[in-house]
Amino acid sequence: MTELSVSAVTIERGERPLFAPLTFSADAGALVRVTGENGAGKTTLLRALAGLTSVASGSIQWLNAPSAHYNGAKRVFIGHSNAMNESLSPYENLVFDSGVAGNSVTRVEVRAALARTGVAALIDRRVGSLSQGQKKRVALARLFLPGNETAAWLLDEPFVALDVATQALLASHIEAALAEGRIVVLTSHQRVDIRAANAIEVTLSAIKAPERLVANEAQA
Amino acid sequence: MPRTEQQSNDRFNGKWFWRYASPAAFYPVAGTIEKLCWFLAISLTIIGLYIGFFRAPTDATQGEVYRVIYIHVPAAWMAMVIYLAMAFWCAIGLAFGTRLSFMMSHALAPTGAIMAAISLWTGALWGRPTWGTYWVWDARLTSTLILFFLYVGYIALAAAFDDKKKGDRASALIALVGAVNVPIIYFSVQWWNTLHQGASVRPGGSSMATIMLTAMMIMAFAFWAYCIAVAMNRLRTQIIERERSAAWIQSSVRK
Amino acid sequence: MIWESWSAFWSMGGRGFFVWGSYGALLIAVIAELIALKRARNRALASAEDSHDA
Amino acid sequence: MSLRIAAQAVFRREITLFARRKSDWANPLMFFLIVTSIFPFAVGSESERLRLIGIGVLFVGALLAAMLALPRLFDEDAKDGSLEHLLTSPEPLAVLILARVAAISLALALPLALATPAFALFYALPSEVAGILALTVVLAVPTLILIGAIASALLVAARGGAILTAVLVLPLTIPTLIFGAGAALKVLSGESPAAELALQVAYFLFALALCPLAAAAALRISTD
């Protein structure tokens, strides 16, 4: 399945590198935990893995193709924002999400995806009227849409706004995804237990002043 | 720490023409060009104005007021040329990602806007005694006004980004969009102009005495030299600003 | 010399306002630009010093 | 096939949003009505005078009203994060932008064009002029939104978006303004507007060909 290799990647914000050159690789079924202090660029790294942000140097390759190219190496990125229009229903939002990705989905399929995160009943409510936790769950339902069966998961703080039971549910979903051989990359302040045969920890250390160049070591 | 210098050296080694695309390498070159152009600008201005005011005769139809053309026409030319130069550097910058190209474009823009403004102002002052009104919607004046708006848009857009790199690329794109549109705007304004009024009179006209033309051309070269000198100065300031943490800047600042 | 006197030169055949208004505007613009350049340079140099001290 | 699905998804979503939030197209329409109705207070109410300025007022009013919809293009999506879906789509971004521009143009150009003949009554314009004006507004609004797509894509990441959008967009709409209003003026003076209409269509097609590509590049730059 998806194989990820990150070599000597630096990302700049406002002409300043966020972290020292980063190298790691992940095989199918690997859980990649990205840690680091605030401002170290965790979200930016995830966005780069998703192909939303370009790297200043080095390369990110999914299945031996550069990150910006969508060659079937699919990945689902779920960021801080839930990426949903509040005037639309979960159904309309999810139909749009998969439609833009080139998949047409049926109402049954959308309902099934929402059921995986326990929000099938909300399918026709306005997103704007949902609670933070409900919104997050609807957003996470994207992981289970048809077309994303083999996609890698890129999750930025997925446990925020979720109650303990739902955190456990998500953790079990992640474990199942890993067992299917997907790569899951995740940042989290909460230490939620996830059993993974192949777990990689990537620690980013922020570069405050340009003088402080500390090499990042990715520990397998 | 010499990040920038090293990085640019890595990137630019090998091909000779890339060498001066590095800000560090171009900084002293820009200084030399600037000095040379100041010399040219000042001496050409003195010569041009001397010929224009003390050698060129009074114009038979326009009287003395035609002497505005020695600055009006060069300013109008420079407004146009600088926009093209800007678009050129923006295209290079977007194509090759060379930071110096974006800086070059930023360095040119304010001078281009000033040239457009000067051209409009002198055009109005020339128009008053000639047409009897400060402003006519003449095709060329109108185009220069729109060109001025394009400069303002470019400068404002570049300034609206906190992330300088983003601002570079965003403003470069809008400069290119503008450059593609300039001929169309010019054509449409001309179309509109002939629709609403007859052909326009211009400062100078076609039957200019050779000596007037000579003075105007000398002034045009003086304007070129001035614009290059100012742009080089601004470029050097930008290099200092953006590379301020680089070692070579630090050593040249505190020597 | 095509001018009979300096006052003839300054009056520009009665069009002095338009001619000198144009040249004056150019002069002001150039001076303003040069001052702006100088100030921008000083600011840049000061910030370069700062970033060394930091 | 998947490209069609993606473009349709974008188009449907915009139309759904317009149907749900009627203010998105009703507000520009109200703005258009108010702008066109305050001019007579400034210039006087004689029919002759109104007829002279009417075409210009209606045309500029329609363009300014359409400008109000430009934040709908990307700003809202950038705020709630759903712009990510467009950016990570495997389909060409320019086509998706074109689909969105098409939806917004449809939702705006139609009401504005339908309102134009009615508002032309304010300015004592003959009905054939009102008709041609509606036609040129139909062409001008999509042209403006196409050009506006570039500017609003760039301004997603910038400060002071709204005013800057006007500064960047309006100068580039001058050709469509000249040809569109020019066609109506020709009809007013009893001549054929064919040349102006042809040129306006040409400018629209030119914008149609280049703007989505430029807007896609702009969106990549500003969200990078």
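Labels for the chains are A, B, C and D, by order of writing; each one numbers its residues from 1.
Assume a contact is a pair of C-beta atoms (placed from the backbone, for glycine too) under 8 Å apart; a residue touches a chain by one contact, two chains touch by 3 or more.
This structure is a prediction, so every number in the text was calculated from the model and none was measured.
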### Task
Give the chains in contact with both chain A and chain C, ordered by label.
B
### Summary
Expressed in whole Å, how far the mean CA point of chain B lies from that of chain C is 16
### Message
As a quick test, compute the distance in whole Å between the mean CA positions of chain A and chain D.
### Response
37
### Averaged-CA centre spacing for the pair chain D and chain C, given as whole angstrom
43
### chain A and chain B: spacing of chain centres that average the CA atoms, whole Å
47
### Query
Taking each residue of chain B in turn, which ones touch at least two of the other chains?
162-163, 245
#### Entry: Per-residue multi-chain contacts in chain A, two or more chains
none
#### Entry: Pairs of chains satisfying the touch condition
A-B, A-D, B-C, B-D
### Query
Which chain D residues qualify as touching chain B in the complex?
150-151, 154-155, 157-160, 164, 167-168, 170-172, 174-175, 178-179, 182, 185, 199, 203, 206, 210, 214, 217-218, 221-222, 224
### Query
Inside the complex, what are the residues of chain A that reach chain D?
50-54, 70, 77, 79-88, 92-93, 95-104
#### Entry: chain D partner contacts - residues on chain B that touch it in the complex
146, 149-150, 152-153, 156-157, 160-163, 166-167, 169-170, 173-174, 176-178, 180-181, 184-185, 187-189, 191-192, 195
#### Entry: Residues of chain A touching chain B in the complex
12-15, 17, 57, 210-211, 213
### Task
In the complex, go through chain B and note every residue touching chain C.
53-58, 63-65, 67-68, 71-72, 75, 110-111, 114, 117-118, 121-122, 125-126, 128-129, 226, 230, 233-234, 236-238, 240-241, 244-245, 249-250, 253-254
